[in-house]
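Following are the structures in question.
Each of the next two complexes has chain A plus one more chain, namely chain B in the first and chain C in the second.
And then the complex of A and B:
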């Protein structure tokens, strides 16, 4: 057994140990299993959010996109680098407060309680389950491909090994195991990614050397409009490519649930700082590595294998083993969160809501665990049968989820009178438009990225649909006001107000005292 | 710069700095809000005790 295999096995054992460590705590209650008792601090919140967002796509799909399209692919990195900053700043505090006030344990339950609509829960659960599954299939395929290439095992066997580890620690340890393994894996990911980037840049003569070499092959690699200027002048494509990962995270149920599990609203400030620093190191690297691959591995058969080929060709030994762990870390940290979320939705939003309303804590934890196991098994079967490209599947599932839930989550905390008809319209129109846009390749005819197209339709659906529904009840509106937090005026404004009202106050006081003196004389 | 066309350079290179600045600014904005909230709740507790 080589040193790389030993390092990797140790790595998997660490993940399993984390899962087992949290298994007792996870079984305590549904709150513990599904949301970790809302006890996560800033560093864990930031890094679990980040590693969940950055999937196997970062090590396979992203570099392949850069390998094929040149500097255009970096647009996805631009969005990714700011995605969690935007997410935490826009939704963080308000969603944390609102979810606790509504006593919601899942992001779909949250929408149902905010808008008092069973329809929202049904539609939301269906969209989430279908596209979370598509998303997790992409991760499973990535896991099989990476392990196959790096260990030489057959694809099917590699897939089963990778998925089994994820399912075991997720089933046993629940949400806490997921977030703590994510935290650990986020660190491994950044070490692997930045390490290979630095070594790659040294090989090609730095960023300037890389670009000079690319220009010698084809100058259009350096263009932001894509190779052969494929998207020249299509600002709708450029803006969509940036937006999908900068604001799209706010529509992913398995990512927004991180807001709900924070220890308090104070977690947001430090988590924002953590994610701002982490993202700048991590988000651009895969695309730059893809560009390095054009120079160092021009004849590679599968561009999704650029990162692993680079590691094994140019930096064999222990570093390659760390990189293998990093690739698997990216895949596993996303898969476990999606599986966890799929299990939560199936147990909480389907089983407890529609099948067994009086299910006790133990039964709920058991149903969640079985749902995760079932999702894992189905995922493996589908991934073995139909392995499409990781990039296409991730962008499709990500875009559809983003277009379905982005507008509803933002409106839930910023639009007081948004109602259930508006939310349903936004969810349905957003998802349907994204599916149609992708299936019929409307990007080619309109010059608009599917995510941007879906977002525009979803916003229109929200605004138009909202005109037909009735406003939420007074109780919900009251909670909405509370979720904004205490209305405090900063000291300088209070001072100004008191300065501004002082002449009036003085006049009133003179008037009142004169009236009193007149009364006393009488 | 870095042998990139001007257009690509200016569309890409400023972003890491923009995001870092945004993260730092949001840290201080949230810190200020947290401090004001603490003060508000402390005053509220004092009033209730009185």
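And then the complex of A and C:
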């Protein structure tokens, strides 16, 4: 066993010890259990929140795309960095009000309630599962590559070990105090990523030096049309590349677990600011590192290994091994939460709904975990037989999501008479067209990015499908009008409303008005 | 007057006014009253949670006494006893047994979707306590409009009425 493999095992043991120490500490009271410790400072909270999104994509996929296509790849970063702004400005206020009124905890539940259709929930669940599995397969491939680099084992064997570790960790890991392990992870990864970027920029003479060197190799690296001007004049490709991350996030099938703070939470606003700063900084780093790789590692065999090769080039072997261990652990922590989500959706929305309506709690847990095991086996077969690139898989996953959910979300708050047939048509046509567009590479013949193609088809599906459905119920139309507002609150007050106490506010409102009417009668 | 289990107020009138003033200086704020909102706190012992974490842990959740909704608690609550005029106390509509049922289903959902387990752990109820959280009623008056907010006096979170 190589020394780097020993570093990896020691690293995992340290993570395990941190987790065990804090979970034992927490076991004496109700603190932290299932929620993690929320009494941390804003910077810690922000880093912790982000470490789960630091996945194989950031360390392998993003740099590889920039290495192969030059500055064109930065378009994906622009979409990523601007995503939250687009979400907030287009949908933010209205969708938040509507979710509150519908008492929806997840985006799919929101659509189900808005259109009073369980069909939407089922189609949404199936699309989410496709996305989750595609995304987690990308993590599996990344885990195989990271382990291969660390241990020197053949890719296939490294992949099987990596996926086995992930699956075992996901079904038997209990609940470690993930906040602290995530924080530790995030620190190692941020230092590593920023360290590689700074060292890389110093080596190539800053951004100007980087561009000058790229121009010497091939001027088309500097173009937004891609290397060799591959996408020249194809605005459909450029727009699609920017849009995919800016709106793909809206379809993420996460579920908010309601929680109640037992003490003052004055750090929330600052945490959001830290997250925003962090997002802006980290959105572009992988691509810049990929560009640096073109100059410093022109003969690298696998572009997805740019980060690990640069780590070994710039830093002592030990540090590079620690960074790679952190990447592997990040892949594990991203994969486990995705696998858990996929297992939950499959067992609740598919198994319990269609196969065994009266399934008890133990059976539900068992089905959920067995589906995780199955995903692991399929993932290994896919990753060995025909491994796609990490980047391609992640873009495919986000594209499917965005094409399925973007049109339904916008219509839910801007089109009063949109109905469930329209929404189902938009979801199905959007996702299917994205899958076909990618599989048969229609981008090459049409000059339109699969995401933009899927979006156009989804809009058509919505408009045509809506003609065949019945109008929404009076109750929903009433909520639609209420969500439109305007509330009469000043902007800054409106911005910081806590939606989670909306049920309480409703009850208090009824209580206060009944109290007032009693007092006025007296 | 009725003696109830409640929590210490972190946002007193002055701090509340000051916070809102900072946020929106052009509005006049008037703190009107303090309402006590009912919850039921449940503490459970969770046994056997995975191969690595076999030690029994504890978890807590609250059930909203008016809307019958569960919520995980982030830290162990510290309660105090206080005498309150009854007209400021909201009467809960959920009974103790119903609250336990809701709490256990809610915890199942949370554990099932968040914990790395192969078998559902056994939950053992250790205590159930009714408590009342204080909420301020605040009136805001701007140049053109006026509005009402309710503010959680423990956390400072607010929502329009």
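Note that in this section the second predicted complex is superposed on the first by the 305 of 522 C-alpha atoms of A that agree within 3 Å, B and C clash if a C-alpha of one lies under 4 Å from a C-alpha of the other, contacts with A are read in each partner's own complex, and residues count from 1 in each chain.
As a working rule, a contact is a pair of C-beta atoms (placed from the backbone, for glycine too) under 8 Å apart; a residue touches a chain by one contact, two chains touch by 3 or more.
Just so we're clear, the structure is a prediction, and the values are computed from it rather than from any experiment.
**Q** Kindly classify A:78 by the partners it touches after superposition: chain B alone (first), chain C alone (second), both, or neither?
**A** So A:78 only meets chain B here.
**Q** Tell me which partner A:393 touches in the superposition: chain B (first), chain C (second), both or neither.
**A** neither
**Q** Go through the superposed model and pick first if A:171 touches only chain B, second if only chain C, both, or neither.
**A** The answer is second: A:171 touches chain C but not chain B.
**Q** Who contacts more of chain A, chain B or chain C?
**A** C
**Q** Given the touch rule stated above, what does A:212 touch, chain B (first), chain C (second), both, or neither?
**A** So A:212 only meets chain B here.
**Q** Would you check which partner chain A:141 touches, where first means chain B only, second means chain C only, and both and neither mean what they say?
**A** After superposition on chain A, A:141 lies in contact with neither partner.
**Q** For A:340, is the partner it touches chain B (first), chain C (second), both, or none of the two (neither)?
**A** Second partner only, chain C.
**Q** Could you look at A:368 and tell me whether it touches chain B, chain C, both or neither (first, second, both, neither)?
**A** In the superposed model, A:368 contacts chain C only, not chain B.
**Q** One more residue to check, A:508. First (chain B), second (chain C), both or neither?
**A** second
**Q** Both chain B and chain C touch chain A; at which residues?
**A** On chain A, the residues that contact chain B in one structure and chain C in the other are 265-266, 488, 490.
**Q** What residues on chain A touch chain B, complex-wise?
**A** The contact residues of chain A facing chain B are 71, 74, 78, 81-82, 85, 88-89, 93, 207-208, 211-212, 215, 222-224, 265-266, 268-270, 272-273, 275-277, 279-280, 284, 485-486, 488, 490.
**Q** Help me check something: in the complex, which residues belonging to chain C touch chain A?
**A** Result: residues 7, 10-11, 20, 23-24, 26-27, 35, 37, 39, 43, 46, 49-60, 62, 64, 66-67, 69-78, 87, 90, 108, 110-120, 135, 137, 140, 142, 145-147, 149-150, 152, 154-161 of chain C touch chain A.
**Q** Which positions of chain A touch chain C when the two form their complex?
**A** Of all residues in chain A, those touching chain C are 16, 20, 23-24, 26-35, 37-39, 169-176, 255, 257-266, 336, 340-341, 344, 361-362, 364-366, 368-369, 487-493, 496-509, 511-512, 515.
**Q** Would you tell me which residues of chain B are touching chain A in their complex?
**A** So the residues of chain B touching chain A come out as 2-5, 7-8, 11-12, 15-16, 18-20, 22-24, 26-27, 30-34, 36-37, 39-41.
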